[in-house]
Amino acid sequence: MEKIAVGVIGATGMIGQNYIKLLDSHPWFEVSYVAASPSSANKRYEDAVAGRWHMETPIPERARDLVVGDANLISQAKDKCRLVFSAVEMDKASVKELELGYAANGFAVVSNNSAHRHTDDVPMIIPEINPDHLDIIASQREKRGWDSGLIAVKSNCSIQSYMAPLYALLKAGYGIRKMILTTLQAVSGAGYPGPASIDLIDNIVPFIGGEEEKSEIEPLKILGRIENGVIVNDVSIAISAHCNRVPVIHGHTACVSLEFDGKKPELDEIAAIWRDFSGVPQELDLPFAPKQPIIVREEKDRPQPRKDRDLDKAMAVSVGRLRKCNVFDIRFAALHHNTVRGAAGGAILTAELLKARNYI
Amino acid sequence: MEKIAVGVIGATGMIGQNYIKLLDSHPWFEVSYVAASPSSANKRYEDAVAGRWHMETPIPERARDLVVGDANLISQAKDKCRLVFSAVEMDKASVKELELGYAANGFAVVSNNSAHRHTDDVPMIIPEINPDHLDIIASQREKRGWDSGLIAVKSNCSIQSYMAPLYALLKAGYGIRKMILTTLQAVSGAGYPGPASIDLIDNIVPFIGGEEEKSEIEPLKILGRIENGVIVNDVSIAISAHCNRVPVIHGHTACVSLEFDGKKPELDEIAAIWRDFSGVPQELDLPFAPKQPIIVREEKDRPQPRKDRDLDKAMAVSVGRLRKCNVFDIRFAALHHNTVRGAAGGAILTAELLKARNYI
Amino acid sequence: MEKIAVGVIGATGMIGQNYIKLLDSHPWFEVSYVAASPSSANKRYEDAVAGRWHMETPIPERARDLVVGDANLISQAKDKCRLVFSAVEMDKASVKELELGYAANGFAVVSNNSAHRHTDDVPMIIPEINPDHLDIIASQREKRGWDSGLIAVKSNCSIQSYMAPLYALLKAGYGIRKMILTTLQAVSGAGYPGPASIDLIDNIVPFIGGEEEKSEIEPLKILGRIENGVIVNDVSIAISAHCNRVPVIHGHTACVSLEFDGKKPELDEIAAIWRDFSGVPQELDLPFAPKQPIIVREEKDRPQPRKDRDLDKAMAVSVGRLRKCNVFDIRFAALHHNTVRGAAGGAILTAELLKARNYI
Amino acid sequence: MEKIAVGVIGATGMIGQNYIKLLDSHPWFEVSYVAASPSSANKRYEDAVAGRWHMETPIPERARDLVVGDANLISQAKDKCRLVFSAVEMDKASVKELELGYAANGFAVVSNNSAHRHTDDVPMIIPEINPDHLDIIASQREKRGWDSGLIAVKSNCSIQSYMAPLYALLKAGYGIRKMILTTLQAVSGAGYPGPASIDLIDNIVPFIGGEEEKSEIEPLKILGRIENGVIVNDVSIAISAHCNRVPVIHGHTACVSLEFDGKKPELDEIAAIWRDFSGVPQELDLPFAPKQPIIVREEKDRPQPRKDRDLDKAMAVSVGRLRKCNVFDIRFAALHHNTVRGAAGGAILTAELLKARNYI
């Protein structure tokens, strides 16, 4: 199979760098175009990120010599790629317009940005949960007059650790009414430079701007249904989130208490549901799909970010400490790698799904 | 006023060291006796803690030359002090017996240990909340045949940040039905050595042995009432706790969601209730009493352990991020200094209350 | 004694905030004026630093209501204070001009900025070491036509931990030929925000811009002599520095190897020289002077930043691990609090010396 | 090629776990035997390390079901393996005897323990530096009456980052007279649990027991020569080390100042020597050999532990900040992964060399 040429828009930022790193030697995709702000344009990629390459592995050989394009000049991407991963960091309105522009010009856009998360014909995909939301792309293209273009987005990183466990229970037939959760989030989620050392040595910060709102709203869209060409969020799960920043490099942990709606499974049934959970990415054996999307830990003190975040290509969610809740029904701790499963890796898996379903 | 001679039993451990530090130049109490395990006995205190003094300030001058007694030999404490702070670290049964022995020998025992927390005639005191639980000492003495002896204990450190906010609301007439909370606890709460660096660099641990159980049960006793010489825990607040260890030296943070029982105050009324909250220690102007037991922070990202733990002699609780909860009624973050307010400092305040009420 | 009115120029930055904190209830000085960039001008100080007050203690009451002036408008400081502490953060040329402007307008300027450190008639003072360099102020005033104005500066924070130990040996008659040292420096030395968390969690950075050069050159001026109205740096000690940033909040540690020039003292003599070292600030009993400028630790693993930085108002230097060097003569570890002794506290001590010697 | 059966003695400790992890899917070796203290004996390996597996990756499938032997009963290893990696943690005398016992029974022993580092007929190998020290095995066997048995050891982890750079210069013909260095060492070097969190949050510790002595003595043996069946350490390089513990998980950094003996190369020549440096492991293309043993970083702020420790299977040393020294000739920073290159990985490379040279 010939590899599909892909571009990374916003390639010099931290999420962009993650794409460059994760796409290196991808079996289906090949990064053939990188773009960034005008100040980086026309430089070799290696030069453009000199002194600010933040990955733990060196810049992939292939990417070093790519000449950086101007992300705002969509025409520069023409003939260079068919799909772009958008990791741009601009104001929301500009991102919206830019991503629409790429799609209108025939590009499949898979975005990490939050700008289009609540555009009602744009699917917000977690491939194991709502792969069929891609069906809305037909309406999207029709309504907007696009032929091959499309936009799909990923959700906020903070929710990824508990969305799969939550969905697995729903899929098994257990309704969920209420969820109160507290996150302990890693600094890489804030991009570069992110929180200052002086604020996170011997300290935690009990606030992350906008994160709690996203944690409470985005799950509803992901669990929503398509009706008349838009995604309807009429799921009635009440969610309340407390989001904290902690001195961890990668890996968001969530402490979750959950109340069922109707019948209540036993703890060992829940563990079995999670262990057995599998979705379309597993069925299709997509390259970035973890074998087991949810890993259930039996140890009393797991999951832990540094020890569990990298499991199964950093694409698996780890769940542990499943026990009865004194107030709701159950409680547990969940963990995922925020810059892989929760960001670039999740978006790559979505792109693989798009490819498998012939959208690109 | 002549100072009251006090002893510290378990003086060489971390909590014991905190007593030695905090009692230095106390206006009412003077450490005239220290005791520890037989291996430390007969050494000068300075020598006994050589290489394991963990406080940030030097060993107080006065304490250096005290000769360490054997904590098991109660007779050694005779004539040296009238009150002992118990910071012993032994198995529960031994602690129980030892503390009973000191009390039977006429000593007032104020303990940090959990052994007697659920002995039904032993008060578990947070001086701003349940000072009147000291009334049970009359029954305690009568039943056990003690004349001047007594035992009072402090609660677990994990609950101190939200107990005062909780109680202030109850006192203002607002019933509370449910509370779900997640703690981010400092390493000093685990004593020395506590968690290994390799487990808390770039990591958090979502488990602290026994801590969740204590967090769920102890509040009920503190809010209980005396009936027929025992403390009855018939308060019906359901509490569910998730306890995490984070890389912070001192200061336990709690993220709390709370549901009222009956009428629900507005957010600004709650803030006012907390700001205005005051108890017996403030009324009596006890030396270790913070002027304002609850400090309400308006900044969007406070309280934070390193920045707020030391407020008002590290005896004030800081509360912030008060906002509506999507699932319950309100949510907020609370913080206290676990080794001062939550341990030695809280016990010293209890001792001051005992003195002010003429129990010693 | 009536307090001397002082101003803090650059009062909203991190060093400026340190001045505001440390000068609170100073027995001689009273902050009666604060100035900052035009964007902060005309705000109450409390409002100007809202959301970026980085001290561990609250903003002092007195400072909250001070109206912030524009640091560039020297006339605004007139009649408000006689001495200004300069903590401005601008390009070097602008600082130079601004500080000259204040001095020309009659203000005593004590500066943390590096701009004038190598101006040959400006003394760079460590009060225990070169108090007599203040004598150059006469020439400074004469040459520049100033009446009451003056400029004195402090050195870079990185060198403060070993300068006093070094000088004590010189003063005792032991020449020093060579010194190789490695620093492990705290993040507060970099101002706010300083290093990103993501660069200092599970990491150290073996580079601090400009720090090694300053560490190698500034000691020579401090140890220099006045000749013909300028300070001559003809001391011939060769110094080589490796400067590292480590995840510590406050406290710079230096590992020093040192070769004597000529006779070589025994280790116990050196310890005695350091313990007995005392300077003009101690003689004059200045408010910020530590009783013992150099504290010698006997424990095998001290000094340590978190445990020793606060000794004696955070103005004492701690030295430990004195032992033979396999290559030079001796080696040791030294520590000081970089934002107190090494920055604002050191400058306040210099101002006290200026006052004691009637320069203000 | 059929794989060689190897054993890991001391397999449940942290270094032992590293062997189990690193040897998983090794092309030449297969772990067929594990042994530990009597308390772990007869358990499945997975059970023996339950709750104390400290690697970031799961226990390799193959190792889980191995039954742990008693390390003291050498007969249990018979017929199970030909080579044992010794990672035992006992008193020095016991280790010495035990390792001699294994060798006497025909096993090739490659040890991480320091017990035999200064036994004069035991080679201390860094495969890129002194592979020919293996020649002493002939005398070792003859003198001790062993047929197939042998002992080879690795050096202390602290010295690995600068030994290759040092040796590369010697090999290029530049003599070295003096070296003063300061290390910033990771906590994993101390085994488990190692330093307490409370000692390394917002702190560094300027002392590691025994480490400075090892850093100063071991290089001399590694650079020594074989004469009359013993290794003679008559190299005359004076080394002085300051060893510090810093809050880093893996990766020891060294700041080195170095004086040449005789002619002095230019900086760019030194960089070229390091870049071009290659040894026997590279020549033989051993599985664990890094392609480039010394990686020279040009960035001003590298190497850094978290970013560079994993380069080339964590077996390469990274060197940066090469510059003139004000006191000696040059200075630089060097880094290596202490538990891979500096411990288990280095020993595996030595075992590969033993195999390639037909000692096993």
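Lettered A, B, C and D in written order, each chain numbered from 1.
Here is the rule we go by: a contact is a pair of C-beta atoms (placed from the backbone, for glycine too) under 8 Å apart; a residue touches a chain by one contact, two chains touch by 3 or more.
Everything numeric here is computed off the predicted structure, so don't read it as measured data.
**Q** In terms of CA centroid distance, which chain is the most far removed from chain B?
**A** Of all the other chains, the one whose centre lies farthest from chain B is D.
**Q** State the pair with the higher C-beta contact count; candidates are C-D and B-D.
**A** Most contacts of the two pairs: C-D.
**Q** Suppose each chain is reduced to the average of its Cα coordinates; what separation in Å results between chain A and chain D?
**A** Taking the average C-alpha coordinate of chain A and of chain D, the gap between them is 40 Å.
**Q** How big is the gap, in whole Å, between where the Cα atoms of chain C centre and where those of chain D centre?
**A** Inter-chain centre distance comes to 43 Å.
**Q** Centroid from C-alpha atoms only, then distance chain B to chain D, rounded to Å. What do you get?
**A** 48
**Q** Got the chain B residues that touch at least 2 other chains?
**A** Only 199, 201-202, 247-249, 306-307 qualify.
**Q** Please give the residue numbers of chain B that touch chain C in the complex, ascending.
**A** 51, 56-58, 201-202, 249, 299, 306-307, 310-311
**Q** Quick one: in the complex, what on chain B touches chain D?
**A** Residue list for chain B touching chain D: 54, 187-188, 192-202, 247-249.
**Q** Provide the residue numbers of chain A that touch chain B in the complex, in ascending order.
**A** Those residues of chain A that touch chain B are 178-180, 182, 184, 199, 201-207, 209, 216, 238-240, 242, 244, 246-249, 253, 255, 257, 300-307, 320-321, 325-328, 331, 333.
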